[in-house]
Amino acid sequence: MTIGFLPQLFSANRRGPCALPHLLCQKMNTTSSKIRVDLDQSTGVAVMWMQSPPVNSLNMDLLTEFNTTLKNLEMDKSCRGVIITSSLPRIFSAGLDILEMYQTSPEHCGQFWKAVQELWLKLYGSNLATIAAINGSSPAGGCLISIACDYRIMADNPRYSIGLNETLLGIVAPYWFKDTMANTVGHRTTEMALGLGLLYSAPEALNIGLVDKLVSEDQVVNTATHTMGKWLAIDEHARQVTKSMMRKPTIDKLLSNREADIHNFVSFITKDSVQRSLGMYLKMLKNRKG
Amino acid sequence: MTIGFLPQLFSANRRGPCALPHLLCQKMNTTSSKIRVDLDQSTGVAVMWMQSPPVNSLNMDLLTEFNTTLKNLEMDKSCRGVIITSSLPRIFSAGLDILEMYQTSPEHCGQFWKAVQELWLKLYGSNLATIAAINGSSPAGGCLISIACDYRIMADNPRYSIGLNETLLGIVAPYWFKDTMANTVGHRTTEMALGLGLLYSAPEALNIGLVDKLVSEDQVVNTATHTMGKWLAIDEHARQVTKSMMRKPTIDKLLSNREADIHNFVSFITKDSVQRSLGMYLKMLKNRKG
Amino acid sequence: MTIGFLPQLFSANRRGPCALPHLLCQKMNTTSSKIRVDLDQSTGVAVMWMQSPPVNSLNMDLLTEFNTTLKNLEMDKSCRGVIITSSLPRIFSAGLDILEMYQTSPEHCGQFWKAVQELWLKLYGSNLATIAAINGSSPAGGCLISIACDYRIMADNPRYSIGLNETLLGIVAPYWFKDTMANTVGHRTTEMALGLGLLYSAPEALNIGLVDKLVSEDQVVNTATHTMGKWLAIDEHARQVTKSMMRKPTIDKLLSNREADIHNFVSFITKDSVQRSLGMYLKMLKNRKG
């Protein structure tokens, strides 16, 4: 169950008992990987496929594996660019897993939030060229991953949506989510989007600049691979210094304030009123599926 | 007589001696209210109707009543959102009243400016959801009120205009007017708009994002009421925290610098050259009406 | 040879041995002026024609003359606005002269960079109204001159391009180039443009707001002169204070950090790897022309 979970996404697609069942409220504890990595040594391009059914919820396991994978690719001399995508149908990532912050200990919430920070810090500041191949809906944390990349290609399907819709759940996107979005679509669009918890359809997202390009669903990863060639054609050092110049001030705001940000998150999320909001949201989801 | 006063607005609409008479150069000293408030207890939505003929000039009386009204609504538990509009034809508000700063004492100028600051601080930082229902022209201070709201709906009439046109009078919009506009339409559009004192027609204003929606004139307030429903559907606390996150840095710039800003304004506006500019402007208006 | 040098610009236009010959790799040491100034005393509008064949490379001589010319116009009471344009066909300015930073001493690089800073500081902060009449391609430093003006009019020719394409040469636009561009087209467009070293065709530049208006090639300077009238119609003091309010924070960032910025530039540009990149670029140009 994730912040950006979209009930309607599934209500229209339920094909039987296996569609998005029990897994939703229990963590998978298999040793199987939640991320598959395909690294093409000839081009230096890695594809990170998120494959954590049913909706690539960003729980502790997926976050940890995401961060480790990215760190390893960053240190791998043969890798120069990474494409982030989903191997699941209709969903890129549904965002942070609510179960990590609902009726869990403050300590757990703090560790969880630190992992979310880590993902953003590493991805937004990555020396690799990064492209989000958004082949499904991408609310909340899914949107964060997308806007932390250098470029966004989305499936041209109006039923897929993207946005920071945290307020719909009674919670608040932190300032560094906000900064990343404002760096992408500007202050005013961000203010309205966050205030109303707006999710934009793929065409709307293109229109406001939240994504850079729409292509047909089966061409998202191919197009990302092709586009990556343009980024890798640029001198590596010049590209990295330029990227750092653009993003360092935003990153430094969190780096200099990381513990306080964790503290704020834990204080907020463990409030009775917020826990009630999350509980009601979870109940609503269960009822919908009941 | 107001900063944003638009002679052409009236030259085309003069219907007789009562159209915009003597009041223009004298302050009304009646006990009648300059703002009517309709609060719908069932929805929690208040409508503030500015009703200070002829053009809702922001003089000391209207500013004071505006600030008191907003403060009272803010403390009223039954009120969750406020719509700001005009009960006068063809004008939302023509902006700051020049007579408050022409040939008045520095002390008076300072008190006047403090009231303008107060309006902006309270409105831009309001915990209420705020919508400007711009049913007429909205230059200068009228534009400031509009862009300090959460959302702007304007009458779809190309003869109505909106903008920060201070330089046309030889005066300068202060940095917090500028910041509010830049937060709405971005740095470049703001730079050109302020430099040239541009007033945008309603369609142009929509095009640059200075307003969010155009509807027919008789539907402005209705649409605002309907739109307010979307804002009030969002969890109150989450909406307020998100809004504060977006606006607090801009508000804090003035809060930490309020006395200096008053001092700057008084120094500037009492300059001989600026007083001459204002005097010429007033004379020009009188001649037009003569 | 300049940062933004466009081989294709000339490959299609080579008319004989005189097209862009030996001058390219040697500095002109004539006493003839590299900038012609036409000042219309009746309007207060000066036109600065850059006339340094073949491509108005910003070498030490042109920079120095540019800065002196602007300084003199700034102090000339009869001058209120300046239009910057090129007297050469097909090129506005091709940007910084690579030969000033390739295999030259650190001292020379430092002096060169100081002159580039000076140009930007004086132009971006000019009290004059400034319009770029971009009658040809305008890469790199040519783009910087353009975006440092108050307004940009470009020839409506899709073969002319404009942009900060430094990364294409393995070098990096400094933060104040970046800030000026972000102030013009916003953070996201700047991030992508700088990261990929994008050059925008005139229609594309209009579309993203990098220029403000396109007119036919023979009307660029005329239109600039006409447009200047609108800027000069604004009260001088109000216009200047407003402009300063918009630009001072960006200018102050460099002013408070000027020596460090020179040091950074010299350290970067004298790196072996960067010198190699520049050398390869120069060789590539020679081969193309060979």
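Each chain carries a letter (A, B and C) given by its place in the written order, and its residues are counted from 1.
In the analysis below, a residue touches a chain if its C-beta (ideal position, glycine included) is under 8 Å from a C-beta of that chain, and two chains touch if they have at least 3 such contacts.
This one's a predicted model, so the numbers in the text were calculated from it and none came from an experiment.
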| item | value |
| --- | --- |
| Topology of the chain contact graph, where touching chains are joined (line, ring, star, complete, other) | complete |
| Interface composition of copies chain B and chain C: same or different, split at half | different |
| Between chain A and its twin chain B, rotation from the CA superposition, multiple of 5 degrees | 120 |
| Whole-Å gap separating chain B and chain C, where each centre is the average of the chain's CA atoms | 40 |
| Per-residue overlap in chain C, given as positions that touch at least 2 other chains | 186 |
| Touch list for chain C against partner chain B, complex | 150-151, 182-186, 209, 212, 230-231, 234-235, 237-239, 241-243, 245-247 |
| Residues of chain A touching chain B in the complex | 166-173, 175, 178, 186-188, 190-192, 194-197, 273, 277 |
